[in-house]
Amino acid sequence: MSTPTVLDRPSPARLPVAAARRLPSWSTAVVILAALAAYPLVFADSAAHNIGILALTFGIAATGWNLLGGYAGQVSFGHALYFGTGAYTTALLVRQGWSPWLAIALSLPLAALLAAAVGWPCFRLRHHYYSIATIAVAEIVFILVTNLPGLGQANGWELPVVEQSLANLQFSLLDKRPYYYVALGFFCLAALAVWLFLRGRAGNYVRAIRDDQEAAAAVGIDVHRYKLAAAALSGAVTALAGGYYVMYVLFVDPPSGLGLDLSVSFTLMAVLGGVGRFWGPLLGAWVLVFVQDVTRQEFSGSGRSIDLLLYGALIVLVSITEPGGLLAIGQRLWAPVARRLGRGRNPETDPEPAGSAEVKP
Amino acid sequence: MLTVRDLHVDYAGVVALRGVDLRVGAGELVALVGANGAGKSTLLAAVSGLHRPVRGTVTFLDEDVSGLPAYRIARRGAVLVPEGRRLFGHQTVVQNLLLGGYHRTAAEREAELARVYELFPVLAERSGQRAGTLSGGEQQMVALGRALMSRPKLLMLDEPSLGISPKFTKMIFEVLAEIRRAGTTMLLVEQNLRAALELADRAYVLQTGEVVMSGPADELAASDEVRRSYLGL
Amino acid sequence: GGSDGAGATDEVKLAGLWPLSGPNATQGTDVLHGAELAVEIVNNDHPGLDLPLGPGKGLPGLGGAPVKLITGDTQGKPEVGAGEVDRLVTGEKVAAVIGSYQSGVTLTASQRAERLGVPFVNEASSSVALTERGLKWFFRTGPTDETFARSMFDYLKARQAAGDQIRSVGVFHSNDQFGNDGAGVTEKVAAEAGLPVSVNVGFDPTAADLGSQVAQVRSKSPDVLFVLAYTDAAIKLMKTLDQLDYYPPALLAYGTGFADPAFATGLGALADGASTRAAWSGEIAEKRPAAKTVAELFQQRYGAPMTENSARAFTAVLALAQAIDTAKSVEPAKIRDALRGLDIPGDKTIMPWTGIRFDDKGQNTGAAGVVEQMIEGKYRVVFPAELSSVQPIWPMNKAQQ
Amino acid sequence: MTGTLSKTGTLLKIDNLSCRFGGLWANRDVSFEVEPGAIVGLIGPNGAGKSTLFSMVAGAQRPTSGRLEFDGRDVTGWAPHRAARAGVGRTFQLMRVFGSMSVLDNLSTAAFARHPRLRDARRRAGEVAELTGLGPVLDSPAASLTAAWKKRLEMGRALATEPKLLLLDEVLSGLTPTEAREAVEIVRTINRGGVTILMVEHVMEVIMPLCHRVVVLHYGQKISEGTPEQVAHDPTVVEAYLGKAL
Amino acid sequence: MTDLLQSVVNGLLIGAVFALVAVGLTLIYGVMDVINFAHGEMVMLGMYTSFFAWSLLGLDPLLSIPLAGVSIALTGALMYFGAVGRVLGRSPLAQVIVTFGLQVFLRGLAQFLWTPNTRTVPRPWAAGLRWEIGPVVIGGPQVIMAVGALLATGAVAYFMNRTRLGGAVRAAGEDPAAASLMGIDPRKMYALCWVIAGLATGVAGALLMNSYSASPTAGVSFVLMAFVVVAFGGFGSITGAALAGLLVGVAQGVVGLYAPSYTLAAALALYLVVVLVRPQGLLGTR
């Protein structure tokens, strides 16, 4: 039909570039995965492998968190619950002599169900009320597991050391590459699941819910149902990380499997990397694991917590300089290069929704 | 009283105003009209300090105020009634009004409050009600009253009749006329062009961030261009 | 010991894993200091010191090679501890690992060492379960909670004989590996001793307030209260007892928080009357020349008195160094064999022990505990009688006046 | 909640509908009907309860009492997404676009209601964009639009759900008379495409030529109903709403 | 029965402390919409200030209240100008993460400066007081802390709800642009908000030194509870926080009597039940 006015106006098409965060293209995915596959060959020492394994594992969890917290806008500070579900289910079954593969596979639907069960009442709550409620639920479970007999209580569980094989998911500690590539495989699986979910209707729906719940309902979206769906997948993905983590460490106790710190770190990874961006959580996880590891090794020997000082300062600095996360910093640095290379398209660039110029918390 | 010279404003690189010149003399009521997105609100925001201009100067009472933060410009007496009223919804009507006179002495505020209640008797009745629960028209009265509380030298209004019933709109225009009689200088943005041009001394027509016409309000209202493009006659 | 023999060999790297940050960093640092001092004594010549490897420089069995301690921070987290073992063994190629203060961390770290085939010597984790896992590379120099419990119940028997009434005991424990295991052991030994456990209260170690937990103990009024708590909770407990004006006739703690110097300095007179088990005591150190020298060196070096924790780490490092020296090799298997065959007599240690000899589970059979009571701001040995120089104060609140 | 369903002559039947917030009756015993294909105006002073009535019809607000019948079905108390799927499209007076998404994604999200496949939804979004003139802004983030564009997007988004009934809450306010006239044309086109329209507007210049029938609310109650001319000359309406006769 | 009574009294007293700790948190939330993860660390710094006032100057914790209040108020200003104020207007998550970074940083800083040692004031003046009402024993520090907490909470509530400046702070919180049109500098108001939150928190820290020990992780035990109390009472509502603090305290006290391991769980469960029935918390409005 007609354009809004007879008068000329600055073409709205020239408004700040695409807010619409697009999902990554296949080519990006292939490049990233190839880099990941090459990593342990380039960096050959065991410590680098260890960082890679942990980064991928936590990257899975943070990607799971990002689906619910970033894309669907339901900021959970209780995702350790699902990580713990994966870890504890796997530990329980493996201690019974099950195959770890089967154990992990079984923990996924369990975590999905649990996530839906928690979401059922809690999704009535909005914003911070929801966030704090997730803390409460996770902490209650933490306390129950710590005290009730049957799940190792505060002591936690050790998993048996068995013959090294792919079937047993135990490999040599001297060469950790097998651990790394299994982690990478699991990450691909998780990323694919999230990508498939986000690609179509569900992805649009959860983003609409994040932006405006009432408006979403008004266009026919069953808000509660899609929140539950996102939560379930998010929970399952996070549980995958927990299951593999416990097979790597061969130990789980409440703080390492269900602790609040863990929940916060998933959030931190996603936000640091770029919340609501597909590769953000992995990047965040990688950086965080690396920084944590290096600062601990380099600076903690004194017992004076210089590692924590640096780590905290770094988080503050990154958040202050670039709220869009590291991915945004990276893109900003990359943009001029890309332009020179003649590929100016910036598929994931997205400034925060343009706000007013005034300060508004 | 207010002089805007060569004002350029943009939003993240997208130009909203390009070289606007405008002048409001003491005691004048100047209307600012134009299509949607022409940059009227942007101009008011830039004058009142809510948005920082890229280039150009804003002179208010012979002082250069360009680039000053909004609260300092407000303290000098140039007060904006912003788009969408922007009341403090969780506070009561009287608290909103008193915030309007934040920088005045207690006695002055009391006196001013009485004057506002005289202009809008409904507000006296509703003084204890939370502003967020008022009807649209009542909210507009609070917004206007709140701006008057500081006894502004220059009052800027951004679409005061938006979403207001015809009866209330009429009333608001009557109040504006009264305020003007009391000697307050005004810069008015209004889509209700007929009413605005009727009330105003002079008017500027803004188009794509530029002033394309200006002159005495009655002359503009009579011009073919304005009648065709804006009044749809 | 030993002479500077035929040219210096490479240094012998040992990994030390302790909580150097986080809530237990004080203790972790204290343990680290003890270990560092042991390394210092091995590497430098201390002619008069009657301890293994005291006189002479380095390890004579390895041509005077010095020992180097590489530390890792566990942050008090089991999973971090395990990761650090990996890193130090595969990356730094350490010959053996020492650690890791908290029982939970020792558990995972030693499992990792087991998988990597490297000896793991534990200095201060007392959880009984650690030596019950059938590990082949795990050794513990210190006493277990069970050893400690037995000492404490022996003490109670002695008190009964002296006429104090003891009809029931209570347990008040931090809800974690250390607390749970200790509580279990206490219940077991109490049953053997024929004393009923009338109340067993676990508390969240981070809880802000212990008021209702103490109220619960009070309602059962046990004659002796066994306590397993880290520093913060230990202080909170003593303050709560004071504020509710309720004191059990005796309070027997399993070290840790009660052994922290901050406990005495922080509480002042309020700490008086509390008793704790100990594997080392400053008072005993006074009586042994070697122990006295070491304690003085420690004070010189760190400007703080040696503690039970540092003494235990000191002993573990020295024992390990002795084993490596005997093995004349840094090969893990040889070190392990040497540890198995280790035999250090009690008077060649700074501990009130009968010596260091490991059984087939890796537990030192010579380790023993004493009971101390806080009297006028100082821990004094009150049991066994032959080591003690003061009479215990019973009921404990008499010490408060 | 029994009673016979109305005959097919009515698309929306509002029957004694009331809504109370604490002590305030935002709507009280409001009854009227909307016949298929009509453009019905809903006017009244600020705070008269127009938006609340919309919310109830769209399922966003549960009525305190009364009954709603839509397309032959009792839809009282239906959840908003069910109402939307049944064919009620709505706009919000204070624009609520999906700010972080592009205009195209806004539209296709709505289009998914009828077209589960991404490709079909995109196509529907394209059609709507053309109809409402959103073409030039399709790739812009919705948050960066000006108010007028947002209103247009609100309208387009509601339209993308392929509603039978479209509720428009002040989508034409804040426009210059010329712009308003264009928007009126869009509404007419939508209506000609078979969508029934119930709209709230304060600008009589828009209501008068556009609406077939007008309902007037005052203090939550219906005070008048009829053709625009009838209503404009109703003394109660003049007194309560217009201030003076047009 | 005696035990129950004792536990209820204990619960009420500790509940008042929860409320006081929560005040600063709810203030910052109410005005800035920021969940301050570093809040526990502000409490911790307050406790250290009070401790050093005792150990270096010999001041009783009660006498160090003004000092601790002022110091933490300054810390609050520093945190605002140095970090939080720089991310205003960005996504709430970015702000939350900044406060999380501050948490880690401040905890590390405390350990760096003062070692992880636990610091205690052995016998503050209040510890000499003890009341016995029937069978119930009430410790002086508990009473002092509770009374202090209620006074401080009341003072903050009064300031925010009844004074002109408080109104300006709230206005800036609700709509900073509109506030600046009134001639109010919103940034100054935010800073003021952090200062007041710091003041309340510092006072809380000094009061806590009557009974608790300072250490780098001392804030942890209070802050989770403070989060719950704030959401329970309704984000932004000071009276709500006070009410919720008392409720949670009593719940903890009573449950502690029967199942001491589950005190925290009980408080959390109580909160969940209430908030699921009343999603905006006890006295919340949004």
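A, B, C, D and E label the chains in the order they appear, each numbered from 1.
One rule holds in what follows: contacts are C-beta pairs under 8 Å (C-beta built on N, C-alpha and C of every residue); 3 or more make two chains touch, one makes a residue touch a chain.
Protein names from UniProt, one per chain: A = Amino acid ABC transporter permease; B, D = ABC transporter ATP-binding protein; E = Branched-chain amino acid ABC transporter permease.
Model, not experiment: these values are computed from the prediction.
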Exercise. Would you mind checking the shortest number of contact hops between chain C and chain D?
Key: 2
Self-check item: Chain-contact steps, minimal, separating chain E from chain C
Solution: 1
Exercise. Can you check how far apart chain A and chain C are, centre to centre, with Cα atoms defining each centre and the answer in Å?
Key: 40
Quiz item: Whole-Å distance, chain D centre to chain E centre, using C-alpha means?
Solution: 48
Quiz item: In whole angstrom, how far does the Cα centroid of chain B sit from the Cα centroid of chain E?
Solution: 43
Quiz prompt | Interface hub residues of chain A, defined as touching at least two other chains | solution = 4-6, 15-16, 143, 146-147, 303, 305, 307-308, 354-356, 358
Quiz item: By residue number and range, which residues of chain E touch two or more other chains?
Solution: 108, 111, 115-116, 175, 177, 180, 186, 216, 261, 264
Exercise. Scan chain D for residues touching two or more other chains and write them down.
Key: 144, 148-149, 176, 178-179
Practice problem: Would you mind writing out the residues of chain E in touch with chain B in their complex? | Solution: 164, 167-168, 170-171, 174-175, 177-186, 285
Exercise. Give every residue of chain C touching chain A within the complex, in rising order.
Key: 20-21, 25, 28-29, 32, 71-73, 75, 77-80, 82-83, 86-87, 89-91, 104, 107-108, 111-112, 114-116, 129, 133, 175-177, 179-181, 202, 204
Quiz item: Within the complex, which stretch of chain E touches chain C?
Solution: 3, 6-7, 10-11, 14, 17-18, 108, 111, 115-120, 122-123, 127, 130, 137, 139-142, 211-213, 215-218, 220-222, 225, 252-257, 260-261, 263-264
Quiz item: Can you list the residues on chain A that touch chain C in the complex?
Solution: 45-47, 50, 54, 143, 146-147, 153-156, 158, 161, 173-174, 249-251, 253, 255-256, 296-297, 300-303, 305, 307-308
Quiz prompt | Complex interface listing, chain C residues touching chain E | solution = 21-26, 29, 175, 201-204, 206-209, 211-213, 215-216, 218-219, 231-232, 235-236, 239, 242-246, 260, 262, 265-270
